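Each of the next two complexes has chain A plus one more chain, namely chain B in the first and chain C in the second.
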Partner chain A sequence: MSRVTRSGTDSEARNTESEPRNASANRERSRTATRTRERRRNRLLGGLLIVGLWEFVGRLSATGLGIAPPSSILVATVDLYASGAIYGPLVETVVRLLIGYALAVAVAVPVGAVMGVSGTLDELLGTYVTIMFVTSVASLLPFLIIVVGTGLGFYVAVVFLFCVFHMILTVRAGTANVGPGLVEAARTFGATNWRRYRYVLLPAALPFAIAALRIGFNRAVKGVVVAELWIYAGFGSLLHSYQRYAQADYVFAVVVHVMVIAVLGVRVLRWLEERYAGWEGGTS
Partner chain B sequence: MSGNRVLDAGSDSARSMLPARRWGLRLLAVVALLAGWQAVATRSTILLAPPTEVFEVLLAKVFVDRTLLRAIVDALRQAALGYALAVAVGVPVGFLVGFWTPARDVLDPIVDALYATPMVALAPLIIIWFGLTVVAKVFLVFVFAVFVIIINTEAGVTETPEGLIEAARTFGANDRQVYSKVHFRHALPYVLTGLRLGAGRAIRGMVAAELFLYADQLGQYLIDSGATFRIARLLAGIVALSAVGVLAVGAAERLERRLVR
Partner chain C sequence: MSEVLEARELSRVYDADEPEQAVRALDGVSFTVERDEFVVVVGPSGCGKSTLLRLFAGLIEPTSGAAIANGEPVTGPDPDRAMVFQEFNLFPWRTTRGNVAFGLEMRGVPEAERNRIAGEYIELVGLDGFAGRYPDELSGGMRQRVGLARALAVDPSVLLMDEPFGAVDARTRETLQRELLRIRERDRKTILFVTHDIDEALVLADRVLVMGADPNRIAATIDVPFDRPRYGRGLETTAEFTALERRVRSVLRDEGPDDETTDEQETTGDREATNEHDGADVESSGDPDAVTTVSENS
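Showing the complex of A and B:
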């Protein structure tokens, strides 16, 4: 549920910042430009300040406290590539992530759409979805091992369970949100059932579907990390092996990779969302 | 509430259903689940325990020998500490970032990125920093919960409508009054939403801390049950944890409803 908040507030903030809407658009635009420049400067200065402080504190505390200074994280990152240690785990992790995510999308979109359209099925399936939504997937880990073993299936199952329910609920909200008025109007103008779905429901629900993909991707990344730290593999085994020797700089370097995957995926999907959101303006 | 705008959207539009029918359907779903579970479980007893047995074990572990109850209460104590810290840091930082634009410019992308990061990935770092201690667990719960609180608080402040502020100024409000009476009031429901979401995440953080840092009673309960194939015991633990999550979020929700009228 939490991710949804972010999407809501975020897109809203972005819209009000980037779209001058009233008559004094020109003045407004120049103000936005100044604001953008100011923000960029603040980010640069603030970023430098933070990195500088971090470096300073990290150097002072030496290696004992594990506050690896940024420079040593950079060195560790370069070494991860130079030694080739990162490639295998990276591919492993991304493949597991994508398999579980793709399966979840394949299930969540139809199920969510059906729940959004039919009140009866919504109540029936919604009960299960809600039960699973409130269950902490991490607590299922010992159980999942028993059921699906420790092979590829385990990772895929964890990723799937992490993201599928969030996506179902978002897609459901999207289809349920297409006002009955819109569907009614289509019916009045003689649209057949199929056409109502294809030309009214689908385009209206599309932004939600993409929002669901974005929310789901973020959850999927969480899922793959949890799974790989439970049964060490991919990034998980990398993180674990560096942690055992207290190599904080290497751990940081791997964590940064996880962050980049999470943030990049979400960025791409948000870009798609903004592109296809149309005049309705995103997820709101 | 802005919190679940997406999830709640449309819940009234298509949902014009008789309550009796709605509850009937829900009941049907639960009964079907339990019946199917029972049927599968009696056929393969290795992988799944029948719900009747799970329920029995649950009652025994919570009310009779209380292993599970004690384990959860013990873990909850750490979760509460981490959550309290998250509130104590998250709300002021959220206000700071909301009010002071330069801070927002700098911190927004950082908070965003951290919010998108799987917190469990930080577990190895936390072990390096704090070792296998209670402090490590409290810290993991803290990072699980703090960012939602910051983000929601910030949103509450920054989304205060210009009109409200202007109206207050027109009626002669000074800076302090604008902050305390307009921004603060407007932010309150958002803050409370943040606290509710944070409570749910704190419970997740607690489970993660038990499983990924070191296993105390709760983690041992889950791991041992799984390792020795005591499925009913394991499932009872999972069910109890879900119930705790629901209760924690429910309590936060009640607080929210009481404070926001």
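Showing the complex of A and C:
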């Protein structure tokens, strides 16, 4: 195809439109890079400060207050692995967490997506999902024990209920906010019904879906800990037994594991987000 | 037969809960557009001009009458009538290249082929070097270039343009108008273009359809006789141009709501007031003979 020659004024106009933007974009990028480095440094500094202060106060009150200093938590953690006490509960907890979470995702993503698109389903379910969303799921624990007993089903049910409503509402918001203009644009290019889902609604809702999974995972971790504390199982049994003998260092060592699980999960999901939905707002 | 588009007694009513609140967005509109003709529909907000375009795009159905394209009533969207939107409606998760290639992808064109074609149109609209950028990283004017390239890439015979330059600043709008005319010199298309900007209508069109509000129908058809290419020679300052502009303006004024004697239409009131003043300045230099009004069917 032959390229059409443009008049000088035309390309000039275009250049003034594009070049300064380019330059400022580069400046912007290098500025944010410096900013990110600074942020990382400050975060590290903050962490060191807290740990240092904690260590100091912990050592002062080593006998009285029971605030275990970080060094003793480290020792307790090593002992948890050396004695093998952590392995069983760790596996149990993670398995319960993942089963409940996976079920919740499997339900929340399609239900939320359809609620966002279909007014009817939204009217049918919307109010009740919102009611459950604001209800304290922890208050349902006694009820759940009556219904499903204290087996695996109980933990799975608690984890599921802890995270499913948040995820439904977030995914719903995502699909409901896909501009009708985008769907129209796709239609004018001959996108038929299912292609509208595949090429417009799905990619447009993806960032929301991943955000939903992230929020959901956080809630799921809370759910599994609450359930296990209630039943004295997994991490819950460890926490209860160390608490009974006032072994604050061991209690903290278990809590650190909960933190690590939560952070790891969120990290993985954030990676997924950047990998598959990087176009949404600047990736950082 | 060289009529590409035809509106035949086209009406569209938007239903409301109360029957008396139903909106007659389009009230018995008839006109034809010839092959390769550039027709601009100009009118105030709420006159139904966007509805008209959406009917031809097949995005909505008429309440009565028919929108006819190439002899067939429009029953749904067809890539042969590509649309350019005021709000761009680019897919934010797709790069410039991905957006431009979208229509080809829907048609099942293999990836290498559609990337090649997309590349040509990206170059045509002057976005070389921006193929890998996302819409978020582009200025408003550049985004609409992408919107235009996306529409052109499927090689439609008809371009439907819904106030395409309404959302960009005045300077960029002028550049884009010039670009559109330049591209049209190369790729002959039948264009139905909607705007509320009278100058834009006169710079672009072979023929201007002036729409009035209440009833929402065509008040006048005005031929625009200027030679092409039109840009780069100060057309807007000529006496013929200002005379035509006054003509369109007076039709719009007569076509306001029935009780317009005291206050102008809310949406155009301010503009009308300032233009009244401009009109008076130009009066002496205007040449009435330059005005060629072909028909007036109100």
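Quick notes on this one:
As a working rule, the second predicted complex is superposed on the first by the 231 of 284 C-alpha atoms of A that agree within 3 Å, B and C clash if a C-alpha of one lies under 4 Å from a C-alpha of the other, contacts with A are read in each partner's own complex, and residues count from 1 in each chain.
Criterion: a residue touches a chain if its C-beta (ideal position, glycine included) is under 8 Å from a C-beta of that chain, and two chains touch if they have at least 3 such contacts.
What you are looking at is a predicted structure, and each value in this text was computed from that prediction instead of being measured.
Touch criterion not met for A:A33: it reaches neither chain B nor chain C. In the superposition on chain A, contact is made by A:V255 with chain B only, not with chain C. Of the two partner chains, chain B is the only one touched by A:A138; chain C is not.
Of the two partner chains, neither chain B nor chain C is touched by A:V268. Residue contacts after overlaying the shared chain place A:L60 against neither chain B nor chain C. In the superposition on chain A, contact is made by A:N42 with chain B only, not with chain C. Counting the residues of chain A touched by each of chain B and chain C gives the higher count for B. Residue overlap on chain A between the chain B contacts of one complex and the chain C contacts of the other covers 1, 4, 6-7, 9, 13, 179.
Taken in their complex, chain A has these residues touching chain C: 1, 3-4, 6-7, 9-11, 13-14, 17-18, 21, 25, 179, 181-182, 184-191, 195, 199-200, 203-204, 206, 277, 279-282. Residues 57-59, 77-79, 81-83, 85, 87, 89-94, 102-103, 105-107, 120, 123-124, 126, 130, 134, 136-137, 139, 141-142, 150, 154, 171-172, 175, 178-179, 182-183, 185-186, 232 of chain C are the ones that touch chain A when the two sit in their complex.
Against chain B, in their complex, chain A makes its touches with residues 1-2, 4-9, 12-13, 38-39, 42-43, 45-47, 49-50, 65-67, 116-117, 119-120, 122-125, 127-128, 131, 134-136, 138-143, 145-147, 169-170, 173, 176-180, 208, 211, 218, 221-222, 225-226, 229-230, 235, 239-240, 242-243, 246, 248, 251-252, 254-255, 258-259, 262-263, 266, 283-284. Of all residues in chain B, only 2-11, 13-17, 22, 25-26, 28-30, 33, 47-48, 101-102, 105-107, 109-110, 112-125, 127-129, 148, 151-152, 155, 158-159, 193, 197, 200-201, 203-204, 207-208, 211-212, 222-223, 225-227, 229, 231, 234-235, 237-238, 241-242, 245-246, 249 touch chain A in the complex they form.
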